[in-house]
Structure formats: C-alpha cells, structure tokens
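Written below as structure tokens is the structure these notes are about.
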Amino acid sequence: ACGGSAGDSKSDSGQKTVGFVAVGPEGGFRTANENDIKQAFKDAGFNLVYSPTQNNDQQKQIQAFNKFVNDEVDAIILSSTEDSGWDDSLKKAAEAEIPVFTVDRNVEVKDAEAKKAIVSHIGPSNEWAGEQAAERIAKDFPNGANGFILEGPAGLSVVKDRGTGWDNKVASNIKVLESQSANWSTDEAKTVTAGLLDKYKSQNPQFIFAQNDEMGIGAAQAVDAAGLKGKVKIVTIDGTEAALKAVVSGDLDYVIEYNPIFGKETAQAVKDKLDGKTPKADIQIESKTFDAAAAKKALDSGERKY
Amino acid sequence: MSSAAVTPKAKKAKGGKFDAQMIPTIAAVVIFILMLIMGQVLFGTYFRLGFISSLFIDHAYLIILAVAMTLPILTGGIDLSVGAIVAITAVVGMKMLNGGTPAPLVLIIMLLIGAAFGLLAGVLIEEFNMQPFIATLSTMFLARGIASIISTDSLTMPENNSFAWIGGEGWKIIDNPKISNDLSINLGVIIALVVVVFGYILLHHTRTGRTIYAIGGSRSSAELMGLPVKRTQYIIYLTSATLAALASIVYTANIGSAKNTVGVGWELDAVASVVIGGTIITGGFGYVLGSVLGALVRSILEPLTTDFGVPAEAVQIVVGVMILIFVVLQRAVTAFKKE
Amino acid sequence: MAAAEKKDDKNNVVAKLLGNNLTWSVVALIALIIICTIVDHQFLSLTWNKNTGGLAGPLITMLQESARYLMIATGMTLVISTAGIDLSVGSVMAVAGATAMQLLTNGANVWVAILVALLIGLVIGSINGVLVSILGLQPFITTLIMMLAGRGVAKVITSGENTDASQVAGGEPLRWMANGFILGIPANFVIALVIVLAVGAVARKTAMGMMIESVGINQEASRMTGINPRKILFLVYAISGVLAAIAGLFATASVMRVDVVKTGQDLEMYAILAVVIGGTSLLGGKFSLAGSALGAVIIAMIRKTIITLGVDSAATPAFFAAVVIIICVMQAPKVHNLSAELKRKRALKDSQKAVAA
Amino acid sequence: MTDKQPIVVMKGITIEFPGVKALDGVNLRLFPGEVHALMGENGAGKSTMIKALTGVYKIDAGSITVDGKPTQLNGTLDAQNAGIATVYQEVNLCTNLSIGENVMLGHEKRGPFGIDWKKTHAEARKHLAKMGLEHLDPRAPLSSISIAMQQLVAIARAMVIDAKVLILDEPTSSLDANEVQDLFAIMRKVRDSGVAILFVSHFLDQIYEITDRLTILRNGQFIKEVMTKETPRDELIGMMIGKSAAELSQIGAKKARREIKPGEKPVVTIKQLGRRGQIEPTDQDVYAGEVVGFAGLLGSGRTELGRLMFGADKPDHGDYLLDGKKVTIDSPYVALKNGIAYSTENRRDEGIVADLTVRQNMLIALQAIRGMFNPIPKKEADEIVDKYMKELNVRPPDPNKLIKNLSGGNQQKVLIARWLAIHPKLLILDEPTRGIDIGAKAEIQQKVLELAAEGMGVVFISSELEEVVRLSDTITVLKDHKKIADIVNDDTVSQATIVETIANSGKEA
C-alpha cells in the first residue's frame, strides 16, 4: 500500500480508495487479521490506506477516521478498539456519504444520523467464544471442578465480551477460584499462574480458562513446571498456530478459534456497496473449535494462514 | 534546511529581547508549516478546511494537556499523571451523568477530582521530598487504578445532555457543500484557546509564573531569593492536574463516551509536544505557545505516516525518528546560533 | 558516665539506621512478606521440585521474576546517577527478546542468538549514548524516542508476530537461563546477582563509580578536572542497553516466546521506581547499586503480593501505587526526623522561655 | 550611640549539623544606622549565623528578636517579610532569566493585566543605576555578565525591598578596588538612612574603612562584640585566630625576582593564541619557577586567557608550545595530561563537585589523568590527602565530609590541593585567595612562592593588585580582552604603575 494516492479520492482512474482504521500489529490474531484484510483488498483492486493506532488508543483512531472523511475516501473500514464514542465521527461520514464497515468489534451508536453511516458489521463473536469455553469445561468436568480465569487488561471490551460469554454458559458446579489479569502476555500469564497454583494448591485446581492463546501458552508452562501437566486443563481463545500445536502436544486442552480471516468477506461487502448493492448488515464469520484431533488435522492440512 | 538557516537571520533583525531561547520554538513554527505544505503538495488534502478543523477539534485535549505539562516541565519537574487523571475524571463524570447528576455539577466535580490528585502530588513532592517523576508516577497508577475499580465498562453519555454541547459539532464557520471543506469549531477548541491564553498570562504576567521560571533556573536560588517556592509548586501540580481534568471534559464531551483505559500514554504525547515546542526538559526555558505548536506538530505526524503508507510495524519507528530529527534540528539551530 | 555514653552510641546507631534508605526498604520487603504469609500460610514454604530440579514455592517464583528487574534497575542506576534517565529499557528488552526468538526459529545456534541479542542491546544503548553525549540531546526525550522506536523495531524483526521458539530444538541453554536452577536457586536470579555484583565491583573498585557520580553532580566541574563527561555518558547508556538486553532474554526465555507489545512494557517505570526506592536520587549524583537491587526485589515482591492477596485486576495499579507511596513516604527525611524535630522544637521553646523569664 | 535600641537581637544561637556544632551560643546585635561586621576565620560560622537570621537554617537553641518582637523564622520569605534583605556568599540568582527580572523577581510591578514589564524594567534600571550598573540592559540574560557583575546585581536586588536590615556576606570578594569604593558609597548612603547593615569580609582594610561595630566568632563560639574604632588590628586578629597576630605566618615584602637566564626555554609559550569574542590573539611565555601575574579590571579578559591556556575553551587562533614543542591543547584532559592545571574563579559551578567528599574532590583530577580503570592505590591516596589536609590546614580536618558542607574558604583550599596533587608544570590560579581568611591567604601566597621555588610555573590571576605585585615576577596587564603590556616586576614597580598602565593605554587606544 505504499503510494501517495490517499488524497486522490474518488479519482477517475477507477481505483477506489478505502481507509482502514486499524488497531496495529500486536501479534497473534491482530496481525493475521489486518494482513488478511490488506491482502484481500489489494486482490480486489482497491487502494487500501492503512492507519494503525498505538496503545489501543481510541483517540488516534478517531483522528484517523476523521482524516479519511476529509480525504473523501470511498469507504472506511473500522476495526475499533472501543465499542462506543463513534457517534460524532460517524455523523461526519454520513454527511460526506462515505459508507463505513465495522470489522471485528461492533460499535454502539445512539445517534440516528450516525447509524446510517454503518453499512455492515463483519466479524466473529467474542461472546460466542466465551460460551464455547464454558461449555468445554462443563463437558470436561461433569462433576464440577475448581479453576482460574486469566483475563486481558481490565476494561477492554473483548475481555468483557469473552467474560460475558463464559458467564452465560458456565455450569453451576464449576467454581472459579480467582480471575486475574495477565495482560494478554505469555510471560505474565506464566508468573500469575505459578502464583495461583501455589496459592490454591490445597483446592486442587483443575482448569484454566485463558482469554487468549498467548496467556494460555504461558499458563501451560507454569502448569508444566509445577508438574501438573495433564491434570490442569487449559482452554484458550484465538486459534493461533502456536496454540494448535500446543493442543496437539497436550499442553492445552482446547482452543476456540476467533477467526481473523475475513478479508475476502469484507472486501466483497465494500465492493457490493460501492456497486450499489446492499450487503448484509451483519456478516457473521464462522469460527471453529479445536481439540487435539481437530488441531492435528488443521495443522496437517497446511491451509491455516496463521 | 533552508528554513533553519533563515531563522537566525530573522532573529538578528529583531534584536532586543529576542534571544537564543526562542529559536527552538520558532523552529517548531517553521517545521509545522513545512509539514503542512509537504502534506498539501504530496497528498493535496492538508489545506482542506475540514482537515484543519479536525486537527484542532480532535486535538483540543492535547493542546490543553501540553499547556498543563509545560508548567511542571518549566521547573524541571514533570506530571506523568495527566493521562490517568483524564481517565478517572472521565469515568466518574460519565457515571454521574448516567446517574442523573446535572451536567454543571458533574463538570465541577470532575475538576475537583483533578485538583485533588494535583494536591496529592504536591503534598508528596513538597512534604515528603518525593521527586516529581516518582510522585506523579504514583498518582498516575493510583488514578488509573481507582478508575478501573469504579468501572471497566465503556460508559456512554445519556441522550440530550447539556454536557455534550461542549464537544458537540459546534459551529460551522464556513459551510461548504462538501464536509471536507467546512471550517468548524466547537466549544472544546475555544476552551483550549482560553487555556492557552491563561497559560500565557500565568507564565508571563504573574509573579507565580516568573517564580516557575526561577525554580527552573535554580530552585535553591529561588528559595534564597525569598520566592514562595513551596506555594508555587503546589500551584503548578494543582493547575496541571486540574487542566488534565479539563482536557478530560473536552475529550469525553467530544466523543460522548468514557472508559478506564482512556488516555494511556497521553502524558508522553504531552511531553513530546512540550519538548518539540522548545521547552527544555530540565527546566528554566520555554514557552507555552511553543507547546501548543508542539501539540500540533505531534498531531500531524500520524496523518503523514498514514499517507506515506509507512508499513504498520514501522510506524512507531518513523514517528520516533521524526521527533528525533526535530529535536536534533532544534539543537543544531541553537548551537549554530551560539557560534 | 560510660553507660550514658553507650546509650548515646546506641541512639546514634538507631538514628543512623532510621535515616538510612536501605533500612526502610528492608522493612518494606519484610512487611510485604509478612502480609503474604498471613494471607497464605504456605507463602514461606519451600519444596523440592523434582520436575525442575530446584526449589519451588512462592518466594522462588518471586526471585525468578526479580531477575529481570535486577538487570534493568542496575543499568538504570548508573544512568540516573549521571542525572539522566533511560526510558528505553522496556523496549530494548522487547527488541533483544525478539531478536533471539526470531533467530532461533530461523535455525540459528542458540549462542549466536544470545550474542546477537546482547549486541543489539549494546547498539541501541550506544545510540542513546551518542545522542545524549555527543549531540547533547536531553536524556528524557532521547530515550523516550528510543522507547517508541524500539518497540517498532521489535515488531519489524518479527513482522508483527509474537514469535514462538518453544518448539525449536536447541534452545535449551536459553530456556535454562530463565527457568533452570543452580543448586536449587533459580539460575536467572543467580546470573543476575553475579552481574550486579560484577558491575558493583567494577564501579567501586575502579574510579568508574566516582566519575559517574561526579558527572551527575556537576558536569562542568567534572570536565575541568579532566574527566570526559561524554565518555562517561556514553558508557552508562551502553551498559544500560546491554543489561536491558539480558533482562529481555530472561523475560522471553522464560516462555521461549516474545510478545512484541507486552514484553518489557512499562518496565522502565518499574526500574526507575526500584532505583528511587533504593535511595538514588533522580537528580543524579550518589548511587547505590545494593539499594537498587533491593528495590528490584521489592518490585517483584509487590507484584507477588498482588497475586497472593488476589487483588482484583482492576485494582492492581492502585494497590501498586499505594505501596510505592507508603515506602517513599517512610523514606522521607521529614518522617524519620519527626521525633528529632519535635524534640528540637520543645528544646527551643524551653530555652526561649528561659530567656524570657 | 549606646542608648540606641538594636533592631535585631540574636541570643544564644546554636546550630548543629550532623557531626559538627557550627554555632554554639552565639550572640549578635544589629543597630540601625550602623555597619556591623561578623569577623572570623574560614569556617568560624559567619555564613551559618547569617542563614540562621534569614530563616534558611532552623536554630537548635537560642532566640531571635526583630524590632523587639521574638520572631520565628521558618524560611527566607519570613525573613524578607520581617524586613531582612540578604546577599549570600555564593551568588544566588537565576541565570536563565534576564538581569532585570533577577532584580525584580517577586517584586514585579503590576498593572491591570498582571505584570507590567515596562514599569518593571524601568524600576530594575533604577535599582541597577543605584549600584552604578546603569550601562546594563535589564533585558539581557544574566548569564551574559561576569560573576562580579552578578554579585552587584544581587546587591541591587537586595535593595529592592524596603529593608530594615541588609546583610552582605562577602560582597567584595570578587570586586576590584573601584567597585568596592562604589559599593561602600552605597552602603554609607543606606546606613545613613537608618538601615542596619551586616557585613562580612576578610579584608581588614575594608573592615576598618566601613564598619562601626564587630562581632567576633571563632570555631562557632561567640568571642566578643566590640566597636571597630576601639579595637586595634593586632587585637582583632588575635581574637579571630586565637593566637597573637605575630605568630601569623607572614611573607616578606616583595618576592625577589627570578631572573631568566639567557637562552633558557619557557615551559609554556603561546603564540597569537586567541578566541573570537573572548580574547584577542596573545603571546605569552611562562618559565619554570616563574610567577606571572595577570592584572586588569573586571572583564578585561584574564579569566578568558587563563581558560584558553588550559583548553577549557578551544582556541580558534594561534599556537601552543610546551617545552618548545608544538602541542594542541583543546580540552582540560589534554592540558592536565601535559601538566597544565587551572583553578577556576567560579568555585561553585566549575570547581567543587558538591556531593562528593573532600577526599574525592582532592583526588579526582589525579584520577582522571591516570584513567578510570587505574585507581589510585589506597595508600598513595591516603598520603596525598593527609599531606594536603595538613599543609593547607583544611578545616574541619575530616576528608570524608562532603565538600558542600565546608565553608567557602575551606572549599577553595581543597581545590588548590586538587591541582597540587597532580604536580603540574604550569599552575594557573584564577582568584585563588578569593574569600579566604587572612591566615589562609598568607598560607596560600606562601605556597605559591614555594611552588615557584620548586620550579613550577605559575600564572596568578587576582583582582587584588597588591598580591599580584607582591608575588609576580612578570605582570601581564590586560584590558578589553587584549594584552596591553608585559611589566617586568622589579623594585620600581608598584600598584600605581599598573593602574597607570591601564589608564594610559586607554588613551592611546
């Protein structure tokens, strides 16, 4: 996407410019997702202008969004760090008649004018993923069990959604001894888990629900170091390659995919809209779940992109 | 750079009070204008009124924070808590609005919370000998932590609230058919400009302001001169924290929602703005107007990296290098002038 | 008479101890351990873990985590002593970790990976050094820039991925460095301690320590005595870079995976806190490596306490801040001079009354 | 006179620092319309006494009465509000601000829109003019003027408040004779307006010229309060040093001139060495064992020439010859390596390393030239420190004290020890006796002569013509950043000769 044509807006050359308000590379899911979107739009013949933020700072995203409106791009893809706070910007987009497509995270809009700007939402569901985790633990331990939850940084909406999903479906005989944040980090998850295993040794913890793969892998190492491999089952969300391998090797019990590969779908929706069609308002991306067998099959197939 | 060479000449012509201390600030002006011109020439959108409008509307908060940060930095201190104060005041304010508290009262309480953290920082610094860096780092953790304890939800503003008026669309001064050519302004920008004027008057036309510079020159001298150093230090941290609360008001009003994670890293953006504007981090020299320009320069870095299509992984490197070039250039100009 | 003198002596020792920052750091450390033990009676228990061939228990994991803080706090101490600051250590950790992990996954020999990671740390530290010493840029802003750019470099190295080398064969030495044990004690802690002692020995047995302090106290006066302040400044930033790279290896080797965003994030702040808790002033001058080492362990201990107490994750920053504020307030001269000050005031009042009468 | 009521009464003042009792039951009375001098050797406690009166230090015992009211001074602000204006021993101004602002800080003239800078500057100009500084632009940065000028600015600042008490701690130590006279004229005017002046100086001539009353301190102890007129010099010196004046080591009249043998090579020769804006290209020889005095008015360029010869500033013109060989001296390190040392006139900013100990301050230069990784063996270090602590009589005799806690004069001695420790071939001393008590001054002068006798080349820069004439073999006279004369200091030369030289060359130019 190296080119200075961002401002050439609705140029006669025919190539449409799409602004991508992104989160930026932060490993795992995000990098796979954004690379896929970039590639898909390139393949579809769009000029995609990519604008990442830092520290998940919504302010930088708002700035980028408003800039795209001023640049009069043909469409905006919004991968927001927050689900609210977009009303004003969306209103501007509506006024400028720029269609907006939200990806990954849906945004909440109150203003009727602003709502008009959003054409479709494309992405998998975080709540669904959390529910899957709860169901898996219920299946693993029909007689009940004790365990921990490793959360992302307090306050992110992904963390809340995955937590809500878990709460929706968690069985009554499953007891969460403690929820701790490990900041999405492998390394921190290892420390935190080691601490929790020490602390709750007497209560015989049997499961860990890690809200992302990175933390799950860290937890697995702590479990291994404590000599509890296999005795403590770890369920994670995301479905990165490293996590699938870990499922195969038995370090993790179960991985719920949060499918990042929906660039094609997004590009198609944009194309449809610009061609005058009306894409579906909610394009759900299907995600899979992996136990050891499924993970092995997926890895062997060589089709996974991340 | 041609601009750099021009500056000292312009300086000499004016003579008088116009001294070497102002060069970095002038360099900031020149470079800001050059960046705008570059953006316009290459991408054709930087002179659009819409771009200029959102540059100010979207960064009114940063301008306020830059002014706030200028005060402690002028004394050789720093206030790392501004970002976290934005978070806690935003969360509390939004909670109260949703609880039905009238907007004016909410505004006052937000400012008071900011002031309370400023007071705490002041006490830690002046009564317990903590260095400003550590004291405000502590209040930063504290404010951020309390904000998270209060709520980790994304809070949105209730409908039809007089609070939103501050940030709302404001007024279109020039209304063109195309939104990208509208020149608009909102109350947030006006507040920011008022804050700038306030900062200027405080620093250059009050004794407190001059004491701030004196402390930056030499705290012990200022003390021996019989200046009210302690009181001034309290004023500084109270003001910077209260202005941070004001920035929070402007920002939350603008986007209509709040969250405990808002403002992470903003203190560093504010510091970068202040430094780009020519204020020396060790204190004693600098101008509040420079900080404002610094905030604008800082704000324009991201659009430029986006338009140049800098690969995502390298964006931070490029932003870092741009600030570096900036600082080196200022340094070179200053050294050149000294010769 | 003699007894009175002895008592005076004792008072003096107590006063000296009370006035010493290290004392308060030790008190804080012990207090945290006691709190943890009250909440978790197993806290002090040590068991032998056959699995890892070392001791196991909460204190051991705490020491394991403290290794990286020891490294960055040591480098930071020297930098702060010159009245500078190094905000880039966290990012250097990420860069060094990313380098090592990326090299390993690309099939490089583990020793090569380690060496290159350290070299990268040295290079980034040296760039800081050159910018600060030769170009005369302000340390705060220079290393702030490096903190931003460094994280970008880490992302470039891994193409934005969180490179995972845990499955790579041959990474054993690196893994051992972070997870292994020497005589039952965590290897990384032992390595860190040895490095701290080595730096301390070099600083204090040669004139390096004094020259660093001298530059921090009065750069111009130092220049006039024939010291080359530029050389000193360059040196401390370079050292800080290398030590941060070691910390980065500890952090990534612990899970054999780099996290481009999270590895080393915010750790510059922890390092600075450790240094300040250890009694080195941010204004430069006299430094205490022992104090900083203690500070580093305290930081690890605070984090351990948070886990042990089960502090809600939302409340962790506030808890952290509260502990830091308490420690710093305890160290404030005003607080430990409180009784002396009251005594002085009383004596003064008495003497003035006597005069008036 | 005696029936006058004192405006300030300090009684039984005691101040203790960790390990030292700096003041022990000292009394002091200041009377309106009088100049009162605090007398005592370096470290006697004069500055500490002043800081007790201005609220910088808290007193441990005793009482302070101002205007008949018992007063608690908890800070400089309190003192200022009580009508006490102070000029401290070390210049305490803010170099980042303008001259005018420094004068007016805290007392800026205010209009309806905050500070009115026009009025403030005008006011500053007025106060500067009172000090004979009308030529200074109040808008110029303070850093653009010399320390001496800054001292005068500090005094101008002290006069801004309507003080009842004016304290001047060694204000004359960096002034030349003319400026001292100007200052005295002002002091008299102020005194006659009914202000009590507290004055500290190590120049007895000045004491007898300007003061009315003396309080003598020794080792932190109150010795006596006397009237100046009624106290002969010998008696005063006796009270100050605790032994009779006769015992004071005295150096004879003028030093016997060291003859330069024909064909003898100088240790250092500079040829047309100069630096734009600081000092015009200058020639100068210094022979082994020769003392070259630099004389000139304030701002004549003596310091600049000294710094250039030391490499503290890089020359942009000319050559440097050492023992006849051309060398490049472009940094203090190179100079020190080549055996050239320079003791600064700006002790606080360029001299002491405040937070290091006396011992470290003495050894640091030697260590620097030996290299960072080649530490001085402890035994050798101990010997050096021991030797100079004794030889220069540094007090307190504890090398492990932080140098910042020493009195000004003792700091100076430590710095001289620092340079002697490296055994230089050429020692440049810039105002080495500034702020030093009469006993120590004689010791230092004696030391200079000894060093010269041992074959060291010495450049002696001083604003006191008297000592320049007494110690030098050759006197280099500078004016307006240019060398104007080399005077061979034989028996015919006196202070007057030099004053004349300076005056005459002015006419020629």
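Note that the chains are named A, B, C and D in the order they appear, and that numbering of residues resets to 1 at the start of each chain.
Following the convention adopted for this analysis, a contact is a pair of C-beta atoms (placed from the backbone, for glycine too) under 8 Å apart; a residue touches a chain by one contact, two chains touch by 3 or more.
Please read all numbers here as calculations on a predicted model, not as lab measurements.
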(request) Check B-C against B-D and say which one is joined by more contacting C-beta pairs. (result) B-C
(request) Work out the mean Cα position per chain and let me know which chain is farthest from subunit B. (result) D
(message) Taking the mean of the C-alpha atoms as each chain's centre, how many Å separate subunit B from subunit C?
(response) 31
(request) With chain centres taken as the means of their Cα atoms, state the distance from subunit B to subunit D in Å. (result) 45
(message) How many angstrom lie between the centres of subunit A and subunit D, each centre taken as the mean Cα position?
(response) 71
(message) Measuring centre to centre with CA averages, how many angstrom lie between subunit A and subunit C?
(response) 35
(request) Provide the list of subunit A residues touching at least two other chains, using ranges where the numbers run on. (result) 25, 153-155
(message) Please output the residue numbers of subunit B that touch at least 2 other chains, ranges allowed.
(response) 148, 152, 260, 312-313, 315-316
(request) Throw together a list of every chain pair that touches. (result) A-B, A-C, B-C, B-D, C-D
(message) Can you tell me which positions in subunit B touch subunit A when the two form their complex?
(response) 42-45, 48, 50-51, 54, 58-59, 61, 148, 152-156, 159, 167-169, 178-180, 251, 254-257, 259-262, 264-266, 299, 302-303, 306-309, 311-313, 315-316
(request) State the interface residues of subunit B toward subunit C in the complex, per the touch definition above. (result) 124, 127-131, 133-135, 137-142, 144-146, 148-149, 152, 260, 268, 271-272, 275, 280-282, 312-321, 323-324, 327-328, 331
(request) Show which residues of subunit C lie in contact with subunit B when the two form their complex. (result) 85, 131, 135-138, 140-142, 144-146, 148-149, 151-153, 155-156, 159-160, 269, 272-273, 276, 281-283, 312-322, 324-325, 328-329, 332-335
(request) Going by the contact rule at the top, pick out the subunit D residues touching subunit B in the complex. (result) 54, 56, 75-77, 79-80, 86, 88, 92-98, 101, 105-106, 108, 110, 113-115, 139, 141, 157
(request) Can you check the complex and tell me which residues of subunit A touch subunit C? (result) 25-28, 30-31, 35, 151, 153-155, 178-181, 183-188, 190-192, 194-196, 198-199, 201, 214, 217-218, 221, 224-227, 242, 245
